[in-house]
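Have a look at the structure below, then the notes.
Chains: A, B and C, in written order; residue numbering restarts at 1 for each.
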Amino acid sequence: MAAAPAAVDTAEAEHPSPRPRPLDALLSIPRGVAQVDFQPGSPTGLIFIIALFAGGWQFGVFGLLGTIVATVTAYLLGVRPGRVSTGLEGFCGTLIGVALVLYLGTSWTTAALVAGSAVAGSVLASAMRTVLTPYDLPALTAPFCVVVSVMVIGAPSFERVWAGHPANAPPSATDPGTAMTWTAFWHGLFNGIGQVFFQDTWYVGLIFLVGLAVASRRVAAAAGLASLIGLLVAWSFGAQTADIGAGLYGYNAVLTGIALTGTFVALSAAGVVYAVIGAATAAALTAGITTVFDVVGGHTLTWPFVLVTWVFLAAVPTLSRLRRAG
Amino acid sequence: MAAAPAAVDTAEAEHPSPRPRPLDALLSIPRGVAQVDFQPGSPTGLIFIIALFAGGWQFGVFGLLGTIVATVTAYLLGVRPGRVSTGLEGFCGTLIGVALVLYLGTSWTTAALVAGSAVAGSVLASAMRTVLTPYDLPALTAPFCVVVSVMVIGAPSFERVWAGHPANAPPSATDPGTAMTWTAFWHGLFNGIGQVFFQDTWYVGLIFLVGLAVASRRVAAAAGLASLIGLLVAWSFGAQTADIGAGLYGYNAVLTGIALTGTFVALSAAGVVYAVIGAATAAALTAGITTVFDVVGGHTLTWPFVLVTWVFLAAVPTLSRLRRAG
Amino acid sequence: MAAAPAAVDTAEAEHPSPRPRPLDALLSIPRGVAQVDFQPGSPTGLIFIIALFAGGWQFGVFGLLGTIVATVTAYLLGVRPGRVSTGLEGFCGTLIGVALVLYLGTSWTTAALVAGSAVAGSVLASAMRTVLTPYDLPALTAPFCVVVSVMVIGAPSFERVWAGHPANAPPSATDPGTAMTWTAFWHGLFNGIGQVFFQDTWYVGLIFLVGLAVASRRVAAAAGLASLIGLLVAWSFGAQTADIGAGLYGYNAVLTGIALTGTFVALSAAGVVYAVIGAATAAALTAGITTVFDVVGGHTLTWPFVLVTWVFLAAVPTLSRLRRAG
């Protein structure tokens, strides 16, 4: 018989909080960046950081700022050290930093908002663990999604926050049309991987793919295939070509594909079919809710990935053909 | 002491998956249609299928398509056979098929979307069982509500999906006014039962009522009385007569009334009062959120029923005058 | 090992329901009003009732109506007597009464809606206890938030409900500007306490503060400080001065501050820092979602308090520097 919620959490709180070694503390930052794609290794994280700077200095700087604030907050609040050093407390901060600098522009106000949001995201991540642990579900990037959704819904009301903000129309606003082109196709494949970090330049997506391949060739293959599935689902629905080319329908499929292929679901023939259905569902859900997110340039954050992966993981215990990993 | 989440689910997954007998497999389809109204019998399901064809061939065909795809998906994924053969894995598929053909029109694209949505709905139903089982709550029609909400929110963005779709204005759009008429009254009573399946013709509602009476006279009486309660609540709020006559305020009360009268709450004097309050609350909630659903002709799907029934069932353990059924 | 959900609830339902003594039954009403601010004492409740009448006779009358209906409903449904007599079943009714009379005006229709909403809120409170108990989370004012949100979203559709309703524009609609004034500052401090009960007159807020000080000087200090934090966060975001002066950014911080300072989180140095972060987060969330609530005069009900406090309480078990109170 499994332990009930309270028991699980108390057990976690019993761990002592020793002072971390300097190098381990430092490496928790690139590990945090790598954890956005579920990878635990600092080399992958360093390549991801290079990719962010290749996309623009502000993505690198604000992404690092968010990662650092989130990680330090978790440490100060006394989260279990194993979670902090493996980067599991940092990755939502990375995405918060990248997203807010994209939507609110580079400024000291944005830096303050990134820091405050990373603190809130860190507490939210702990809260979600309490609620999700009994169901054996990970929080994924949900804390990031919640915090950034609130910020971008609220920001336009506030003079000091939104003043002079950049415009955020989806690519299709200036380049409408649904005829697929070869350029949109191959750009979309790479951008589907880059858009996990809000990047829409094909070679930035390629650097992220290299980082994934350094961690595991299987993961890189799953990411590429999932990006293709997302692209095809969007095309079959008649989505705008410019949005497909920018990778907007791919990144949720990519994260869902990686999550369901060996990360949280054990690898098997049925498991791969399940992951393909999951990636396609994530792309369909992206298509379904994308109009709700027009205010942020048609980027649905990673809500579709979070919701679809939660559902597909929660279903596993009742499906006798599948097993959870680990 | 009750078992915690993980234990319950593991136990379910242990069941073997024997090959079902052909007749039993076939009867799981009408049983799935009957389960929309919580009835387990195939005769009721066959009468419901007749009612759907009486409403329009497309409702019968797409409803059956959804039921079959959802049931087969659950079987292939290894859901416990008892659930599959009693139709518990089919009814969300029925409603998905009927709703999507109503909103998107008859086409091969709709057929593909019904199949895809039924697969997603099936996985979602399994996921919800994992989350709701510790609270002893059924998933009800929530998977259908979630999947169809996403589809109808998203569909207008997509050229291949929404092209030439039928208009979906609520009846009151062309026939405004709040003065009650005798025709609206008795049509509304029957349509309150038919609208569970999106049908707004009085004799289709009557066929559904016959199907319920075949299963149980008590259930048929509860359905009729709940339809009346829903109608009266809407009228007292000053709702549009044309919408009341179309049964739009009745069907959530009907489902809630059946659910709380012997289905999930044990029959008793206090239980009947509780069911009356529940049916009235479902009608009030329908009234409350109906403007949010104008895009789909003012049909709130079965969200009010799902939310109210969850709340009223979750409250039972803390209320000493009431007991859960079964 | 902790008990699983079902076990907890069954235990609660085992309590007998003796007939309450008359005085105890009567005092459960002011206690219910006091519980809006987490205080259990009837003197505090009586002072709060005086404050409501000072704000306007209708707030006193409809607030008492809601408290009485909610408390009696809980008693009749067989909720554990300890909860009823301490006022824990009344406070959502108080807020329902005050909010509906503010938004829908004084009329017999409003009185009927308050009674119906208080019944629904009472059932919802029991349902939430079932769901939240395994996580050791209180329902807070969530039942009130849900019921009133549904009513005010739905009301404009209904002729008999909304006819001749008062206008509900936020104060900044007639008095725009973001330059802080001394009057707005000190009015905002008191109104931040009064707005918990939808009151925007500074001396009404002062009476509430006196009621809090009668219960506990620590609680009164926490409320005052939290009101200041909420005001400063809103000002730093560039919120409208008139809205700040009306206390619209303070009351969620006030409730969050009281909840996290000794009420649900044990007092400690780390706990106070945590409460400050929580109050600031509640103010930031208020700012974030306030535009969504323009239809109700920019009053976000107590949603930000409920959501932030749930998150900050759910996180405690994984944070070794903090302990839950009681």
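Convention: a residue touches a chain if its C-beta (ideal position, glycine included) is under 8 Å from a C-beta of that chain, and two chains touch if they have at least 3 such contacts.
Per UniProt, the chains are A, B, C = Urea transporter.
In this text, all values refer to a predicted model and were calculated from it rather than measured experimentally.
Rounded to a multiple of 5, the Cα-based rotation taking subunit A onto subunit B is 120 degrees. Copies subunit A and subunit C of the same chain sequence form an interface built mainly from non-equivalent positions, shared numbers / all numbers used being under half.
A straight line joining the Cα centres of subunit A and subunit C is 35 Å long. The multi-chain contact residues of subunit B, meaning those touching 2 or more other chains, are 3-5, 134. Across the complex, subunit C meets subunit B through its residues 3-7, 9-10, 12-13, 15, 17, 76-80, 116, 119-120, 123-124, 126-131, 134, 150-151, 153-161, 163. Those residues of subunit A that touch subunit B in the complex are listed here as 1-4, 134-136, 178, 236-239, 274, 277, 280-281, 284-285, 287-292, 310-315, 317-322.
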